[in-house]
Each structure stands twice: as C-alpha cells, then as structure tokens.
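Both of the next two complexes hold chain A, though its partner changes from chain B to chain C.
The block that comes next holds the complex of A and B.
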C-alpha cells in the first residue's frame, strides 16, 4: 500500500529536486547548503499532494537521496535534510506541539504543519541569515583590541563576524587570511571578505596554506568556518583547516569554529578517511605525466595564472583539491561559536542526540 | 589584607549583622562599599553576603509585579557586580535569584493557563504537577550557554528566541490573563534548539535552577505550596515574593552545605597512602581532606601560596582556623589535618615542580570556574596544574556550583586581580621598590585542559561538561545582567 500510493498521486517525476536545489543555491549567494536543501525539500513538498505522514516522510527520503546523490560532497547538505526530516517526524508525531489554540485532529494537524512549512519557506532562510548575524554579534567579542586573527576559506559566517568586528570602532585588529590560489567559489568568498575588511581599514595579510606555520607566531587566535560540525564536536571544513588546527594546538593558540547550528550533522568520523565521501586527494601513481590532473585543472587555471602556487598545485596527482574537505578532530577545537552560544565540542553530540532520540 | 578582629572591622559578619537592622538601600550601599574596599572577599563570603542582601531586597519589595521585581533585582545586581567585577560569584548569585523569579512566575503562568484552558476547552487534560517543568530532573532540557557580553541584535530578529525568551520581561503579557496561545508552546514536548530554524513555538528549557542536592524535597514542598495557593485563589495574584524568598533560602542552604556535599565525594578520590598536593587555605579543600582522613591515612603536601595566602595557609595547618574566614564562626570549627592523624608537609611555592613527581593527586581550590571549563584560582594554581600536567598527575578541582559562572573568558587578563605589592616586598624595604617593579597577582587562570576533574556539590564532572551545568543553572536571558 505504501508502495502503491506514492506512485499514484505523486507528481514526483515532474519535480526536479536537484535543479530546484541548485536554483535556490544560486539565487542567493548568502545561502548555505543546508538551508538551500531544506528550502528545496519544502518546495518538493509543495509540489506534491501527499496527505499522510508516511507518504510525506517517504517523499522526503526519496528527494533527500536524489539530492545527496547529485552532489559530490553531501555532508553539509545532509545536515539540512536530516534536520528537516527529524523536524517533520517530531512535529508530525506530536500534533499538540504545533501551538494551535484549538485541539486539532490528526489530519488537521498535518495540514496545518504542511501549510506552515509551505508558507514560511522564506522565513527559514531569513532565520538562517539572522543566526549568522547573531553569531557575528557575539562572536566579535572574541576579537580583542590589538589581536591578530588567522582565518581561512570563504566562510560567510567568519566573514560576517570579522566584518562586524571591523565595524565596531573600539576594536583594532589585524587579519591573516589564508587564501587558496584558485578560482573556486570558496576562494572568491575569501577575496570578497578580504576586500571588505580592507575597506573597513582592517589590515589584512593574505598568505598561502604553506605559510600558516610561519605566520602563527604573530597570531593570537584562529577562527575558521565549517561545512559541517560532526557529532564528536569535530568539524568538516575546507582542506587545510586540519593542519591549521594542529599547528594552532602545537603553538597553544585558541582555535575557534564559527558555525550555525543547522550545520550540525550526524556523522562520527574518527579520521580523515572516514568521511562518507570519496575525495581523490591521495592518488598514488607510478606514471610521471600529470595529464590526469592537467585535464582536471585546465578550466580552473585560466584566471589565476599570475598566482605562483597554483602552478605547483596543478602538478599534484590528487583531484579536486580545491573543493576537498578535511576533518578537524574535537581536541583541536577550543570552542564552537553558534547562534545559541559558545559550545564546547562535547556539547555538539548532546544537541544532535536531542533531535535524533 | 586579613582583617584583625572580626567584630571590629567591617566584613561579612558586620554586614550580616547590620543587614538585620538597616533598611535595604543603605545595605546595598554598604555591601558595595565593602566589595569595593575588598573587605568582603573570597567567593563564599561574597556569595553569602549577596544572597542575604537579595533576600532582603526581595523581602522589602513592594508590589506584586514580578517584572518589576526582576528589574529591581537586576538593578541591585548590576550595582554590585560593577562594584567588584572580579568577584564573579556576586553576579552568579544574582543570576540564580533572577532565574528563580522567572521560574516561579512561569510555573504559575503554566499552572494558571492550564487551569483556564481546562475550563475553556478541555484540550489539555493534565494535572498541574505534570505540566510543571520544574519538576523534571536537573538534566531536563538544555539551553545553550550564551555570552556574558551584549548581543546587540536580539530576540526580535531571531524568532525562535522570542519564544524561548518568554521570560523576557518587556514581551511578557500580564500575569493573570490567560494566554492560551502561550501554554501549548511552553508545555510542548518539542524543545530542541537545533530546530530553532523552524518557527514552531518551542521553548527551550523552561527550567531548573536545582537549588542543590535537596531539591527533591524542597521542590516538592514548594510545589505543594503552589498547588494549595492556586486552589485558594486561582484567580488572584499569587505571591511571587514568598516563593522567591523560599528559593533564596534554599540557595543559602546550598551555600552552607556545598562544602559538606563536596566532601562527601572525598573517599572516592583519595585513597590510602596517597600523597595529595594542595594549596591555599580553602575551607572546601580542608573539609574534603578531613572527610577522607576519617577513613584513610594519606599525606598532604601543602603549598604555601606566598605571598597573599600564606598566613591563612599557616593558620589552617596549625589550628584549623582560617584568619581570612574569621567572620564565619561555624566555618572555623574544623580541626586541623594533623589532628586527624594526617601527615602534612608544607612546601614553598617554588618546590612544586620538584616534589610533583612524588605526588599522586593535586587538589585545587578555586575562586571562580568559568563556562569553558577553565578556572580562576589563587595565583600559583596554574604553575601547580602545569607541573601536574608535566608529571601526568591528575588535577582535581573542588568547587561549589555557586562558583560556576556563565562568563566566558574572552580576555584572561581582565580576570586577574593584582594585590598589594607590600606583601611581596615589605615596606621596610622601600628603597628596593624604587629600583624594581613589584607585582602581586592574586589569581591565576588555569585553562581547562590542565584540569582532569571538577568536584562540585552535584558530583564529579569533566571540564567539558561544565557548559551543561551552567546551562542548567542560569537562564540565558539573565546572562547579561
């Protein structure tokens, strides 16, 4: 029966979740992947005519799977879809939690929840952005007058935080920005942040990955963004974050992660190679030619020919190093700054357990 | 720094005595001056004084508007904390009391609206006691810790917060009218902060300032009291004041008993023939060691804590009396460790590293415990902790929950207080002072990773778990006083 109903009344084939997701993501540069995924799922819900809880969950699961399969690195995205799924289960199973003043029957409940979701899709986005601003507003207190902050990547939250700190007239600080020498969206964001900070009269030094250890002596604190915060309190972030964490730890510098709580994802990686994605960073080969990586890189190489390290990197055998991520274990992290406060890494699992069990 | 005779010099005892006769405002001013002059110092004394004062403040509060009561407590709290920002405990107590008021008010709000909604439409058939979130255990819900710093953009931009801040006063509707729209939200089972993105009205953590150990009985008493009162005049204003005062008295009990409760854990941590290293003249640590001494024989290596606490340390070792604590007569009543048959070795601070290789366990007293698991303790603590780390010796910190602060140490230097350099270089050596700078920092910041275990009156906790205890004890809306 469960099998029969969705096919009977689902306009699933006509709705393309992947393109919806991409469109949403492209439409707003400020949007993060989890939120875009939630947005896409809401839209999927709107395009369907499901009327029972089981159907809804099934529909969500199918769309989620399609969505995950379509992206090379679905970790961040799955944080959003998981959250949405848990939310649906939690609300649909507990009708009274809707907050309606009248006692509703189960079907009314379902409709009400659905309507709520459909009508407030934009709200989620706004709220996600608001939480970024909120993080920025108290995260900026971490930056003390005269501090030098080391950061990397193109995290928008970190950008917002630094910008907020720069706007405040009482804090004078310097930023060392680790820029990846490529044209990935990540590094574009980074360049944008650097330009913004300089416009705010904040002295910014940009360095390549290889100069992190060299610069660390001048650094007071490290602030990084994250693609996902995993269950043990570690983070999944742009390749190079792990080494920054290790170096910061060895130099005794505080290492803060800035992430919205919707990036919490239920993964428990123990090492770099436990991530549920296949990154071909390590590519052992006996052949000397760099044809493999060459053809991978040609399209990306064009705009940045003037940047020296790029030439070196393109000779590496690993593929897609620019989009790759690594896992920073929790013992390297001093604190995770979320919109609900500064958490210790061990608090993450508690937050996750609360929605899953 | 130590006041000579307790009765003559202003201090905790004189404050407590005067509190009985003086009206509130002069009392507040008196405490502020005592704090400013450092005539009341040490976490415990500050906590006792603040609690006593707040009990008075609440007791003399006129009117029944709980919003005004909160504002009043806040205002007093702000004055006290700004008088001596480094005595973080003062702020802690104020926040605890504020949380108490909110809790009492929310309980009634819940109960009353439940009552009305029962009458209106039998949507939620439940008995009052079940719907009251305070009854749940300490570990009921978790509201993540916020900063001790201002957050400019606030609840208004963040809607899930708006709901969670139902205790936020400006937004709270009057107490008495029935808020049917509010009730389901506050009694909703769905209280997850990760779901904050979705706008369902959920309230994270409505709860639990567990006023210590005894909370089961006391809470039970409190609730039955509530029920009676509600039965009596379910339509009239309830007495916030009386309940808050009950709560503050519970808090006082907690302060009184926290040392004993901590000491109850001693046998789990101190074993026969161990060598324990400790420092300062902390009553809590002494009681802890004494409790263990009843059953076990061990050796205590006591670090002198020169220059600011060595007199106290000496007198504790010799007589069991701490001159700094002379205000509290009942606190003096323990016997010295050696009377309990414990071998005590006193060493100067400089010997810590040398002797650490023989030590089995380090027990530290603390001034304040911070939300990230770090602590502020008498200077020398960090050196001891670092030496212990180098020798892989476990470091146990003994602290009452009242010392646990929601403050996040953004800037460690701000937390360190500098004392009288005269105790380092006596004034007779005045010429010496002309040639060199003499500094006497009173406190050390010990980072969380140097500590292995915290023992509070609630039991033992890993440093990484402290955020949770903070979340259980302080309301997020109170963190910025």
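The block that comes next holds the complex of A and C.
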C-alpha cells in the first residue's frame, strides 16, 4: 500500500467530482440524481488509483461530501451516495473476512477487487436505470379502466408509468395534471408528459395548484413521484405534494407514490421543518419590505433540482419556491410502488434496515 | 407497595412485621381461609353474589390480619378493636430486617412456597379487570427464600421490591451484575458439567427469587434468555474456571454492547433531534431520556424541558432535579396538568419498559395518555429504547399483561393525614392514625384502590422509535428485534 500511495494521491485533486456529476446528469435526461451521483462516484473511483480499502472508502467519502456540499438540496443525492457507500463497504469487507488477501497480498489483488467494484458499480447504475420500466409495469395495474388519475410535477417515473398505461390497449383513463405556471425544468418536463399523454389519446386536464381540492371529486387515485423516500415511509417531494396528500386523505382517495428503491434515504423527518436543508419558503415581511414580489410565487408548486443544479442552487438560496420540497408523512400514503414491489410505508424502514445491517 | 415508603419516610401504615410471638395463631387462620375458599370456588352452584360475598369476607379477613401485623411492627400496638376478632391477630414475628418494607412478610415458620400463596390471594377482590394480576408475588423479605439464593441476589431482590432499583434497564443490568457474583461463587458439583447444571440448578432459584420480589421486566427476561443460551453453548469439556471466566466476560460484553454502547448511540441520535428552542416534554423518568437531554445540553443546544410526574413513584422529581442541576431549564407538572403542559411542548421524549412487536410501547402507567395528548396536539412522540428491551410479544391492551403494585402506595401519608378527620357513616369518631385511615379504606366494601404500574401506548401515537440501530417507525420493531436476536 505504501508503494502505491504516491500514485494514488496525484490524480485526486485533478478529478472534479461535481462537474462530472453535472455532466452525467445533463447528458442523460432520463437520469435521476442518486443514479448520477453513483455514476460520478464510480467514475471517480475509476480515475483514481487507490490501492487499499481504507483509501477507497476515504476517497468515496471525500467525494460524497464535496458532491453534497455542491447541491442546495442533497437529500435525493445522498440517497444514492449513501447506498453506494454502503454497498462498497459490504463488498470490500467480504473478501477481507474471507481470505484476508487484500491487506496481506500484493497490490494486484486489490486491483482485481477494484475492477470488480467498478464493474458492479456500473451494473448498479444500469439496474437503477432499468428500474423505471419495471416500476411502470408494476404500477400500471393500479390504474383501472375508466379511472381518473391526479398527478403533479415532472416526475419521470410517473411519466413512464402513465405512458405505459396509455400504451396498453385495455386501459382507458383520464389524467388531471397539476402544473405550475413557472418555467422551471420540472414544469417543462410536466408539459412534455402532458403532450406525450395527449398524443397517446389520453385526455389530460391541467390545473393549477389551487384547483386540487376542487378537482378531487372527479379523481379516483393520486399518483406522485418522490425525490426521496424516508425511513418512516414518508416522502420528500416537490412542494405541494403534502397538501395533495392531505386532501386526498380527507376525501378517501388512494395516494400512491412511485419511486425507485435507490431513492430510499436514511432520514427521519418529524415535520416539514425537520429536513436537513434550509428552505426559505416562509419569509415574514412587513410592508416596507420590498421582497413582497418574491412572495408572490409561494403558491406555485414545483421543483426537482435534478436537471440543472446550477440554476437550482441560485433559486434555492433565494426565496424561490420552484425547487422547494415538502415532507408527506406516511399516514397519508397508501402505497409506494418500487421496482422491488409495492410496499406499504412501514415496509420502507424494513428495506432500509436490510440495506444497512 | 413500598415505593412511597422509600420516599416518604415516616409512612407508618400498613404492613410491617412486628416482634410478636403470636405466629401460631395467624397461620391456622390462613390455612383455614384457604381451605374454605377453595371448596367454595369448586362449587359451581354458588351464585355470583354469594361468591362475591365469600371472597370479600376472605379478603377482609386477610387484610385485617395483615394490618394488625403492620401496626404491631410500628410498635404502636394500636390494633383496633376491629372486625372479626381472630382475624386481627398479628401474624408476624420477624421485623428486624428491613423495617421499611411493610409487607406482612411471611412468618418464618412457613415454608418458602407458602408466603407466596399468601400474598397471592390477599387482594383478590371482585376486581373487574385486573384480578388475574393479583397472583403476582411481591416478596419484601428474604424469609422463605431458597437456601440456594446467592446473597447478592437476595439483596438485589429487596432492592427491586422496594423500588430502590427501579427502571427496567437498571434492573436488568443490576441483575446481570449480581449473576456475575453468582457465577463466580458457583462450583460445579461432581458428576455433572457446568453447562448442564448451572442454569437449571443454580441460576433458576435466583431467578425465581427475583421474580417473587417483583415480576421480571421484559429486558430482564431477554437478558436471562440470552444468558441461558450462552451457558448451554459452553462446551462441557471446558474447565470450570475457564468457563466461568468466559461467562463473566460475556456478561460484561453484553452489558457494554447492549446497554452502555447502545445508550451512547441512542442519546447521540436523539440529541440530534433536539433543536434550539425546543421544549421537550417527558413523563416520569427514564435514564436514557435523561442522558439524551444532558447530551444535547452539553452540545450547547438551548432548550427547555417539561417533566410531567405522577404519584405514587414521583420518578420525575429526581429527573427534574438532576436536569436543573445541570443548568437545563425545567418545568414540572403534575399529571393532572398534563394537558396544559403538552400545549407548550414541541416534542415528547419517552422512555420504555419494552417495545412490543406490534409497535406498541409498554411503559410507566400514564404514558399512554401523555402520548395521546401529544398526538392530538400533533406533537411528535419519540420513544428511546435499547433493542434489548424489544420483545416478540404483542400487547393489545394494558390489561392482559401488567404489574399490580400494592394499593397502599397510592394513598400517600399526607393524603391519609388529610383523611383523618373524615367520619364514615356509623362511626362514632374519626380515626386517629393514618394507619387507621388506610385500614378504613381497605375495609370499605364498595371502594377498592388499585394500582397498576404500566400501560400500553398504541403505535399510532408514536412517531419514532430511536434505538441503537437508528430511528425507526414503531412498525419496524419486530424487524430490529429479529435482527438483534439473530446477530
């Protein structure tokens, strides 16, 4: 290890994890933050020449921290990095406990392990990407013939699910799409999904946030995406999801969440204000304050920071609510549709425990 | 029964043992009572009313005897001219040990088994819900303990029954420590091996004795199960001294891993949940809640604490004192002010006696209504519990499994004093001692005091359980329990 260290040190500073991450994210519109983060980490690993387990983990941790610090809302990202780290530790520990060849043997052995890590990291990314289709095939059975589905935001999984349902010839359904008038990436995506669905002959109505309660009487089920699924089975999602959940619950409409299991994040918020990010949604002002104009936007619903982090950062640090998120507690959620099956909210913690212990 | 005693020193009342020589008399009585009761129960023909009457008579007799005994101990000798002459004959004798405990302990003439029976039957009222719990023994003396019981365990049992050691974690740890002494002093008899002999012949009398002092806590049950498991896995060919040494290290490790380190982790996690400006409400006293609050305070978070406390144990008093000594701003509310206190709180932290597999919390009686109040005010309820206190059992209500403490504890000395001038119809004059007050309460036909120690909080009221494995919703309790027992 001592021999290899000097070489390992050099490439580190030259590799920019943040720009890699953004490049990956920008290059593939279908990519979500956690997967992009994992992909970036795999790339970082490939660029470095670490030769010991400790070094590998250290490297990962350093990159993870840089990455987290670079985004205004690292919740969804940290789901990916934590998962990858956990996976690394598990795979790295196993050979050690088996033969001890890693620290005793020559560096060749470690190189083999590293290659294994790289390839399995790539495998992981591929699987994560494939999961969206799998979810869509699970989830489409939830939409029954003649149903009206309420959804919001620009979640790609929800889009995939609805599209899949639209493609099937047996289901006729209508969609009420909550769209914010803003021009964020998220609502662009929403518009795209709407256009797509209409092209598939699915009647779509778009409504503003304020019309959710009004339309609820016509709705049979609510489907939303999530930025992160937290330990108690609640979700962190774009601002406005929580109120949809509350309204749906009060009207007895089923409220389903669609999320890949790599969005499960080890976080346990107790309330809206218990999230590890600093959102300035509530900004109390008096009349002589000239910030009132910024407040105008509060009612808008929006926000995945996925596609354009730079833009996202500038927005989140201000009072803009385009990228703000809220927390929907588990008791409002009827089911979470993941690629490994449909879970009740309470099963999320079980899944997370399985990953972590 | 004894906890108030510990606290309120001069509790003169009830049971204690007197130095009288009259043991022979009570015994026959007891026997007679038992004898009569058994047949009467056997007869199916008796109507409910009759049965009730019979039982009441029985109970009264028993109580009278008990009381008489108690008074004598106090030396006040004021045996009232009461009810049925013979019943009041004091039954006791040996008062020297532990005068604090006032359970009419068993006359030493009786064999070990008998005292238990005695205690068992005595409060068998027409108890609507909790009747089945009254057969839990509650021993307040070492008399009648099996000769196999180790002195350390004897002492421990008395500390349990008098609430000197209270709180399920403390009880579990102290039990393991006492077992270390037991194992150290253990000698395998010739012709058998440690693995086969220790558990069944040496450990079980200790456990039985502890159980007779106060029902085992769930944590203790888990620890015992673990210990038995470890013992049985010892290779019979291992030399005794080595096996003993291993066992003792195992116990030390168990305490370190499952309690000390776990507590550390839990208070780390939980302290992070305390934010500046929070008002943390807690009920009664839990060691882990205390260390969490202290940890957060040391971390420089400014928050205040509301301690809701209730009789008879008043455990919260000590907690409040400790916290305020460390400079935390503490407000104390009595239980009756809980609804008010909850309005000011921003989070509720609760300790646990056990977490059931259906996610319910089994904890000091009163916890459930605190959680209910918090839930209806949408304040998050956070339970702190080491995974060693998780159990695979489920609880649907607080009735099936619970612990009954002697009812005397409910009526504190001061309250009894307040009742002194009260004249009950038919009585010529008010009673003069607090002892008599209790007696009157006890004899009242249509009044029954009862004290249960625990209740069950529904999982819906609990937002989060923090264990050494991290934080989980109550629904994940069985997962972690499986994890912690398999590991």
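The rule is short, and it goes like this: the second predicted complex is superposed on the first by the 291 of 357 C-alpha atoms of A that agree within 3 Å, B and C clash if a C-alpha of one lies under 4 Å from a C-alpha of the other, contacts with A are read in each partner's own complex, and residues count from 1 in each chain.
The rule we apply is simple: a contact is a pair of C-beta atoms (placed from the backbone, for glycine too) under 8 Å apart; a residue touches a chain by one contact, two chains touch by 3 or more.
Source: prediction; values computed, not measured.
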Task = Give one of first, second, both or neither to describe whether A:213 is in contact with chain B, with chain C, with both, or with none.
result = neither
Request  = For A:350, decide between first (touching chain B), second (touching chain C), both and neither.
outcome  = both
Inquiry  = For A:270 in the superposed arrangement: first (chain B), second (chain C), both or neither?
reply    = second
Task = Check whether A:281 is in contact with chain B, with chain C, with both or with neither, and answer first, second, both or neither.
result = neither
Query = Which of the two partners, first being chain B and second being chain C, lies in contact with A:232: first, second, both, or neither?
reply = second
Ask   = Comparing chain C with chain B, which touches more residues belonging to chain A?
value = B
Inquiry  = Just to be sure I read the superposition right, which of the two partners does A:171 touch: chain B = first, chain C = second, or both, or neither?
reply    = neither
Ask   = First (chain B), second (chain C), both or neither: which does A:91 touch?
value = first
Remark   = Residues on chain A touched by both chain B and chain C 345-346, 350
Request  = Going by the contact rule at the top, pick out the chain A residues touching chain C in the complex.
outcome  = 231-233, 266, 268, 270-271, 274, 330, 345-346, 349-350, 353, 356-357
Remark   = chain A partner, complex, touching residues on chain C are 273, 275, 347, 380, 382, 463-464, 469-473, 475-476, 479-480, 483
Note = The answer for chain A against chain B in the complex is residues 35, 38, 83, 86-87, 90-91, 94, 96-103, 116-117, 120, 123-124, 127-128, 130-131, 133-134, 137-138, 141-142, 144, 261-262, 264, 334-335, 338-347, 350-352, 354-355
Chain A-touching residues of chain B, taken from the complex the two chains share = 121, 123-124, 142-147, 149-153, 157-160, 180-181, 184-185, 188-190, 192-202, 371-373, 408, 410-411, 462, 464-468, 476
